[in-house]
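Lettered A, B, C and D in written order, each chain numbered from 1.
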Amino acid sequence: MTIREMLEAHPQSTSGDLDAVVGCVEACSDCAAACTSCADADLGERDLPPLVRCIRLCLDCADICDATRRIVTRQTASDAGVVRAAVEACVVACDACRQECERHAEHHEHCRICAAVCSRCEQACGDLLVSMG
Amino acid sequence: MTIREMLEAHPQSTSGDLDAVVGCVEACSDCAAACTSCADADLGERDLPPLVRCIRLCLDCADICDATRRIVTRQTASDAGVVRAAVEACVVACDACRQECERHAEHHEHCRICAAVCSRCEQACGDLLVSMG
Amino acid sequence: MTIREMLEAHPQSTSGDLDAVVGCVEACSDCAAACTSCADADLGERDLPPLVRCIRLCLDCADICDATRRIVTRQTASDAGVVRAAVEACVVACDACRQECERHAEHHEHCRICAAVCSRCEQACGDLLVSMG
Amino acid sequence: MTIREMLEAHPQSTSGDLDAVVGCVEACSDCAAACTSCADADLGERDLPPLVRCIRLCLDCADICDATRRIVTRQTASDAGVVRAAVEACVVACDACRQECERHAEHHEHCRICAAVCSRCEQACGDLLVSMG
């Protein structure tokens, strides 16, 4: 994947564990994409009212994942407190979004996929936090 | 300001204190703008190396402020935990960016202004957190 | 407003007309805020299906306005072609969003406000394009 | 990749060619990641001044790619004019960023990779525009 090549070509060594950083960046990227698409797929469903909360949480999760992806990607002059705060917010957003998507997973395949992607992102964020000590 | 009018026209009453929500959204918007501009102004200075950390923290702060602004703006089916996590991350980013900008405030007017805007955003985020209980 | 102070403190003179740049940045910021809020207010309305297209166009318009705001704000090593392309895309998004919001302006005050803000942003983007020659 | 699964699970058929949409979304995602990382890697290099324009264009390209990725991902109530305008702006940003990165490709591996990713994104955007007719 491109992000691993980019980080390996970076003039400064990766702050923390390279695998954990790459895993978090890729998971945030995937999760932002899934949440943007899930909110949009919800909006295209016939029975909209039960999906309003899902749309809302997917929009929030996409916004946090995109911000977190950018912050974790950056390796120059990192502030560990800022990285940690962003990744922790991402865990909370992914967890809330996953729970809501799971409620619709039986009826909507896009919610089922999105819940799984949120779960992987939550895990990857948690792994990065652990690796940061 | 537009955002107050928009929230007053919203079909659902604002979650939490309207003034605190409006204050946070406006402060995040101002802070994202100042940080985007400060990173760019740093990049245009002749003596770049001492400003590298300032650029980095301004980019991070702009990303978090933009995400937080969107999340706090939304009032439909809010998840208090997600809102709180985003606002808390914003406080951390604003504080780190303010401290770094203050170090350059004497030499660079854009850093002086940006530090003041970060400080106001940190305060507005704190006020919202207090109002959320 | 902060952005004018920031641009006046920038080490490099503003590419193009300062008033036009400030006007465009402020209008994009206002429009992104209004569109984010209008999409969310739509989502909180009881009769959702007629508002689906409004939500979609508001989400798109907010994303383009946020990207355009950042690009127009930056003054170091600007590429006129990139700035122009972003501002032109912003005009198209604002125009489409305004038209859709106007269709609901009679029933929803948030759509009426949002349409007016989109219209101002379209105008400010057009003014910047003219000033760029 | 997740985005293909998400679009196949969408209640509405993809506007235009599914392969072209998936290709564009994946390329924009990859390009935003590469540009965010390249700007940051530039910032970590010792000899910064020659890389200022590269940083600037990478930041712009990342912002446009992220907005375009979200807009092209959405399939509910699409406005072809808005989609086209965003994708066209993305082509311009990728082309400018690729040209600048190529100038540094010999000395900086991250610029070489980023140039290649920008080139692929430009191609994927062009393919989508062709498929839209």
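In this section, a residue touches a chain if its C-beta (ideal position, glycine included) is under 8 Å from a C-beta of that chain, and two chains touch if they have at least 3 such contacts.
A quick note: this is a predicted structure, and the numbers were derived from the prediction, not measured.
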Superposition of chain B upon chain D: rotation angle, C-alpha, nearest 5 degrees: 180
Chain A and chain C: spacing of chain centres that average the CA atoms, whole Å: 27
Separation of mean Cα positions, chain B and chain A [Å, integer]: 21
Residue list for chain B, restricted to those that touch at least two other chains: 40, 43-44, 52, 56, 59, 66, 70, 74, 76-77
Chain contact topology (line, ring, star, complete or other): complete
Chain C contact footprint on chain D (complex, rising order): 52-53, 55-57, 59-61, 63-64, 66-67, 70-71, 74, 76-79, 81-82, 84-86, 88-89, 91-93, 96
Residues of chain A touching chain D in the complex: 2-3, 5-7, 9-12, 25, 29-30, 33-34, 36-38, 40-41, 43-46, 62, 66, 69-70, 73-77, 108-110, 113-114, 117
Chain D-touching residues of chain B, taken from the complex the two chains share: 40, 43-44, 48-49, 52, 55-56, 59
